[in-house]
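In what comes next, subunit A is part of two complexes: it sits with subunit B in the first one and with subunit C in the second one.
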Partner chain A sequence: MADSPGYIGRLRMVPKSLWVLVVQFAVFSLLVPNFFAVSNFENILRVSSILMLASLGQAIVIILAGVEFSVGSAVALCSIVAVFAVQSVSVPMAFAAGFVIVLVIGAINGTLIAYAKLPPFLATLAMLMLVHGVASLAVGGLPIEAPVSESFYWMGRGKAFGIPVPILLAAFGLVVHYILLSKTTFGRQIYLVGSNERAAHLSGIAVNRIKFLGYVAAAGFVAVSGLILTSRVASGQPNLIPNLPFETISACAVGGLSLAGGRGSTLQVLVGVLIIAMLNNSIVLLNLPTAFQLAVLGFVIIAAVVFQTTPDRFSFLSMRAAFAQKTKPQGDA
Partner chain B sequence: MSEQSAPVEKAVLEVTEVKKAYGPTLALTGVDMNLYPGQVHALMGENGAGKSTLVRILVGATRPSGGAFRLNGERVSFHSVSDAIKAGIVPIYQHLTLFNELSVLENLYSFDTATAGLLPPYLGSAAAETAKASLARVGLSVSLEQKVSTLKLGERQLLEIARGLQRNCTVLLLDEPTAALNAHEADRLLEVIRGLAAEGVAILYISHKSDEIRKVADVVTVLRDGRSVICGAPLKDTSVDELVNAMLGHAFAVVDKQMPVPGEIVLEAKQMVLVPGGAPVSFAVAAGEVLGVIGLVGSGAEEIGQALAGARDILSGSIAIDGQLAHPYSRRDAVRMGVGYVPPDRHEDGLFELHSALSNASASILKTVSKFFFLQPKKEKASFSRRFQALALNPNEPDREIQHFSGGNQQKVLVARNLAIAGLRILVLTEPTRGVDVGARDKIHDAIVEATHAGQAVVLITTDLEELTSLAHRTLIVRNGQIVRELPQFSSPDDVALAMLEQE
Partner chain C sequence: MMTNVSTTTAQQWSPTGILSGAAALICLIAASIGFSMALPNFGSPGNAANILLQFGPLALLALGQMCVILVRGFDISVGAVLALSSVTAALAIEQFGIFGLIAAPLTGLALGILNGILVGLLSIPPIIATLGMLLFARGLALLISNNGQVVLVTGAPQMQLLDFSFGQFLSIPYSALLTFGVFLAVAIFLKRMRAGRRLFLIGGDPEAARLVGTPVTRGFVLAYGLCGALAGLAAVLILTKTGAGLPTDGVGMELNAIAAAVIGGSLLTGGVASPLRVLFAALFIQVVQSGLSFSAVSPYAGEVVMGLVILIAGLLDQITRRKLQTITMH
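Right, the complex of A and B next:
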């Protein structure tokens, strides 16, 4: 009954950003020395796991037609809380405390946006500053070191089944994210609210509750990202990763999520993060100054988004389809 | 008023077959209209008929996609609003464009100030004399130094006209000029308009109010669905019925639908007040009954629908469903109690643009098609396969994105969404077939009839007289937020039209 999409149709359903990733991978493999190596791939995945998990959270918020600027501050406070806590409780308990503090920040964001009706941009920007201020005050502006402990390092530096733990956590996060968005009722409601809030309300969807829970769920992914980073640097720092909000938004945009909300997939987030991670990795491999990284990243965001929002008629597949149409023999009527 | 009978006078403005497309949607499909000097030309039409698009074209705010546009016999095309003003087309909008903190004199010269050099154009006694003459032309006696904020609304309206006249004004375009005025001010304005016409100005007068139009206008053009359906007809030869039929659509012979006999009362609204200071409304709907509600735009008919659906707070009074008081009553509560709602604007309030027809349809029954926290795609699809077939969804591809369906098929999906609500008791539909093709309209009407046979109570809020009279068991006429009359089943469209326009 349903029309089968056919070969071209199925290719069309693949996010355009995947083509960017494939081309980028091929070019870097050929041109960047030491890029094409299993150890380098592992390195890319390990380093990108933090951005991956935080971007998965950001994606939920973006699909809800919102945006989350406080992720960087939240991760910083997470590190400080965990390092403070580990001085008096066990490592798992300390990490649980770090996890909870990020969820609390997510819940505050959700409350401000869903119930107090603040614009997401404003609410999360204010939370960025507020949480950053709290984090700085808590440590008097200076980083605090975690006591040397193998169990504290495990999440960021350890291995399980021969695979780095951050990679396993990112993979687990991707699976959870995929199931949440495309298999659950909650995920469907997130898309509907992001697509047309008024229509969702009139359909009987609890719009406010979905938004609130969306910000909390997003915070869950950000929290895991924060714990990996805390474990890796083994310290609590107020300025741990100030660019995280911008990097996560960039990853979502490069992957092809619409910042207007209502659409986007887990696969697109994965692709967006990998594009940025491969880029950063190559800049390091080429021994280019890190300042270079930011400039190139800006360029890539523009290029990737322009490429994806360009009308279909310019894309390779449509050109082929149009060509096939033209060369088709005229009707014999 | 003799100009129409003696068309020797040349039209100052000729509009022929003007079209306007916004992307794939056609706002104007072909409008003809001729304005003659000394004639007041009324322009009528329901909201969405294309009046505002036509005005935007006339004042140079947007350019037509087709058709011709002649001023004094010469073909013109305006690139901007200032082009149109230079050509002598002066628009007066219902929201005034005066500068409230400046004086009457400064306001009269505000167009010239925009293009003046170093010195403001209103200095000197000559400027003051001209200004006084303009005020006299509209019969306005205020001091030139007075701040506009100290003037009454009616005076401001006249000042706005005086400002337009001070330029060379060949066509005066008035968009609902009396909307904010009281009866006395309105009468004075109409007198001024007649006076200006006598001086030879061509006037285009846009209004919903048919009594006002009868007072002031010579001829009338009616737009419907972007087309001029009545074109410059003399008002004295045009009946109210003809105007209403032209505005709302044809009044076909009533098609006999097999409607059931209403049963028990399902929904009862008691002393419901919807706007501050509004009159309370009370009515009841029974199982298997279609209650029609009709009123002109702004009459409060749509608000009644919103309140019944839980989409609007009621200020006082109550809504009871099956004898049980529904309070608090949010849209979510309403869905749970089995109240479906098809809103008037399907794009703003109904559709999830990037989603499939199926996920658009299932939005109100996500709980029913889920198990624990997970959606059941097979169950979701199965819930709608019969319904989509009955509504003849075309193409019947539930996975296709909603934006790739025609307006009629999008509307079918919205109807399906509400018919699927678990334990549906009441179905509130607002303009369910507006902008929908005939085929889809029939299918949606069939679905309404079927719902009544299944014992559901239907509230049908529509300005489509044919739809209303062929389906409704009873019809409530709403004016100024009040139910002014109730008409029985099988009333003719003419009865309804007359009841709507009756004066209090």
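Right, the complex of A and C next:
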């Protein structure tokens, strides 16, 4: 990153995905009825808060050159633990239990990847199945309902200062995420470990610890998103949101994060989530069937990524080569 | 070029490779013996035939997954491609009779080639390309099936499908024979034919492969096309079993398929593929699922077992690799 970018340099630093968002916003405002309305904006933000917080977590892992597939299962187990716990303890304690269980899953992922050196894909895929299996076993595969209580609903459906609580939490999450990644030593170390693990190690960074803590920090964001969803649906479900890992990864990719790691900003995650959220919202406003929503979303994800990667067409392959270099066993002649 | 070919060949025969390959077979044998001893009727020939009848779709999906993992990718669209293929084939059978069945592998092949173009030519990361395809194929399957309704095959073709499903040769179901045949064909293609061998080169080091003039993009299209076509073949097996196109089927199957490929010794860093081990892994998963349903344990325990097996296989692989390193260093 340049130290003092000029005017053009500054303009170049604006993520490409932001232009996509601006154009999309203008087009939807003109063409989609009822899109340009404060109530609709509030609706988009409220609905997208869950994806936002989970994607913020996913972004940390992606910047670490990893990937996290178990977020959907973790959120599902979070909902089940919270609903089980609320039957015997107060709502805040129950939510704390749900929060902690996601952190535990994050810590297991972190241990497997940082210390046991398993590939992130493999470890989190195994955890996806393992945690989903445990969640399903705990409730026999069927949803369990939370007892009716205003305080349980507050996080997902309530308002504070006239603003829906999920939006406030997502905004808070964005601020924390930005400070964590851009203003703290830990955050800068995450970028270095993600872009070049060996260089990070040689410059004295405790690579394993950064990786481990990165997965735990990511789990913190995912946990909040899980609690919002739990509160909104007021039940514990093993199949609460199975596509969450894919949705968060695509939100990050659409926002412009490189899946090779080492690059990406909070702003890009925000933009990626909003692009997907506005798209889903417009499809609902236009009253198109869900089938359309899926097909269009698939097309847009690919188009957005193609748009951002076209100039360096083969960067992906050279990235893979670099990755192979990095993961080659050391000491090998 | 020669060095590259020999390193990839050496990789396959490295001790770690043999260990992770044996892992699938050991798991299969252990699970079969364990369940047979614990459950009185599990070891019967009838149940063995039943397992063979059911393992086809997962095995074919896992085989396709192995092909794309070989070139350092993976394909999470196979479940949705399977669903779409089964619907297009069911619709084609309505129109053209039983020969419409060929629409399934053709649909899969087309979508797979599209995946290959996205990954190979446009350099889109596999997870994004195949996620886009997952959403697209699922959406299309719902659209052409009147919003997710089952497309029933009626009349004479239905009987022909069911005849195939119940047919046996030496008490091995036709579907299992077809699966074994496909595995053999893919194995011969990968190990004995030039285009197949090239995939190992590409997976071992795509940049080097490009430098020595290997058609890398074509290799990606080939691997993903094969994966899609195999998903289409899996749809054929499902069609013969159920006699209907199922637009909402196959959800989550991509994960089981990837798991089977990984248990079958595929390394996500590419360059390794063994159809035989993947066959064992798919059989193992089917044995575990069948055994759990026999023993009235919740089927969800199967997922826990699979997760644990992946973790243990990965850890064992890691430990042996570290052992090897210390040996070579001293």
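General remarks:
One rule holds in what follows: the second predicted complex is superposed on the first by the 307 of 333 C-alpha atoms of A that agree within 3 Å, B and C clash if a C-alpha of one lies under 4 Å from a C-alpha of the other, contacts with A are read in each partner's own complex, and residues count from 1 in each chain.
In this section, a residue touches a chain if its C-beta (ideal position, glycine included) is under 8 Å from a C-beta of that chain, and two chains touch if they have at least 3 such contacts.
Since this is a predicted model, take the numbers as computed values, not measurements.
In the superposed model, A:Ser203 makes contact with subunit B only, not with subunit C. By the touch criterion stated above, A:Gly262 is placed in contact with subunit B alone, subunit C being left untouched. Look at A:Val306: by the touch rule set out above, it reaches subunit C but stays clear of subunit B. Looking at the shared chain after the overlay, A:Leu192 reaches subunit B, while subunit C stays out of its contact range. Of the two partner chains placed by the overlay, only subunit C lies in contact with A:Met129; subunit B stays clear of it.
The partner of subunit A that touches more of its residues, comparing subunit B with subunit C, is C. Residue contacts after overlaying the shared chain place A:Thr184 against subunit B, while subunit C stays out of touching range. Looking at the shared chain after the overlay, A:Ala116 reaches subunit C, while subunit B stays out of its contact range. Across the interface of their complex, subunit A is touched by residues 72, 74, 76, 118, 122-125, 127-129, 131-143, 147-148, 205-207, 210, 216, 251-252, 255, 258-259, 262, 268-270, 298, 300-308, 310-311, 314-315, 318, 321, 324-325, 328-329 of subunit C.
Taken in their complex, subunit A has these residues touching subunit C: 67, 112, 116-119, 121-123, 125-134, 136-137, 140-141, 238, 242, 246, 249-250, 253, 259, 289-299, 301-302, 305-306, 309-310, 313-318, 320-321, 323-324, 327, 329-333. Those residues of subunit B that touch subunit A in the shared complex are 309, 311, 331-332, 334-336, 341, 343, 348-355, 359, 363-364, 366-367, 370, 373-375, 396-399, 417, 421. Taken in their complex, subunit A has these residues touching subunit B: 1-3, 183-186, 188-189, 191-192, 195-196, 198-206, 262-263.
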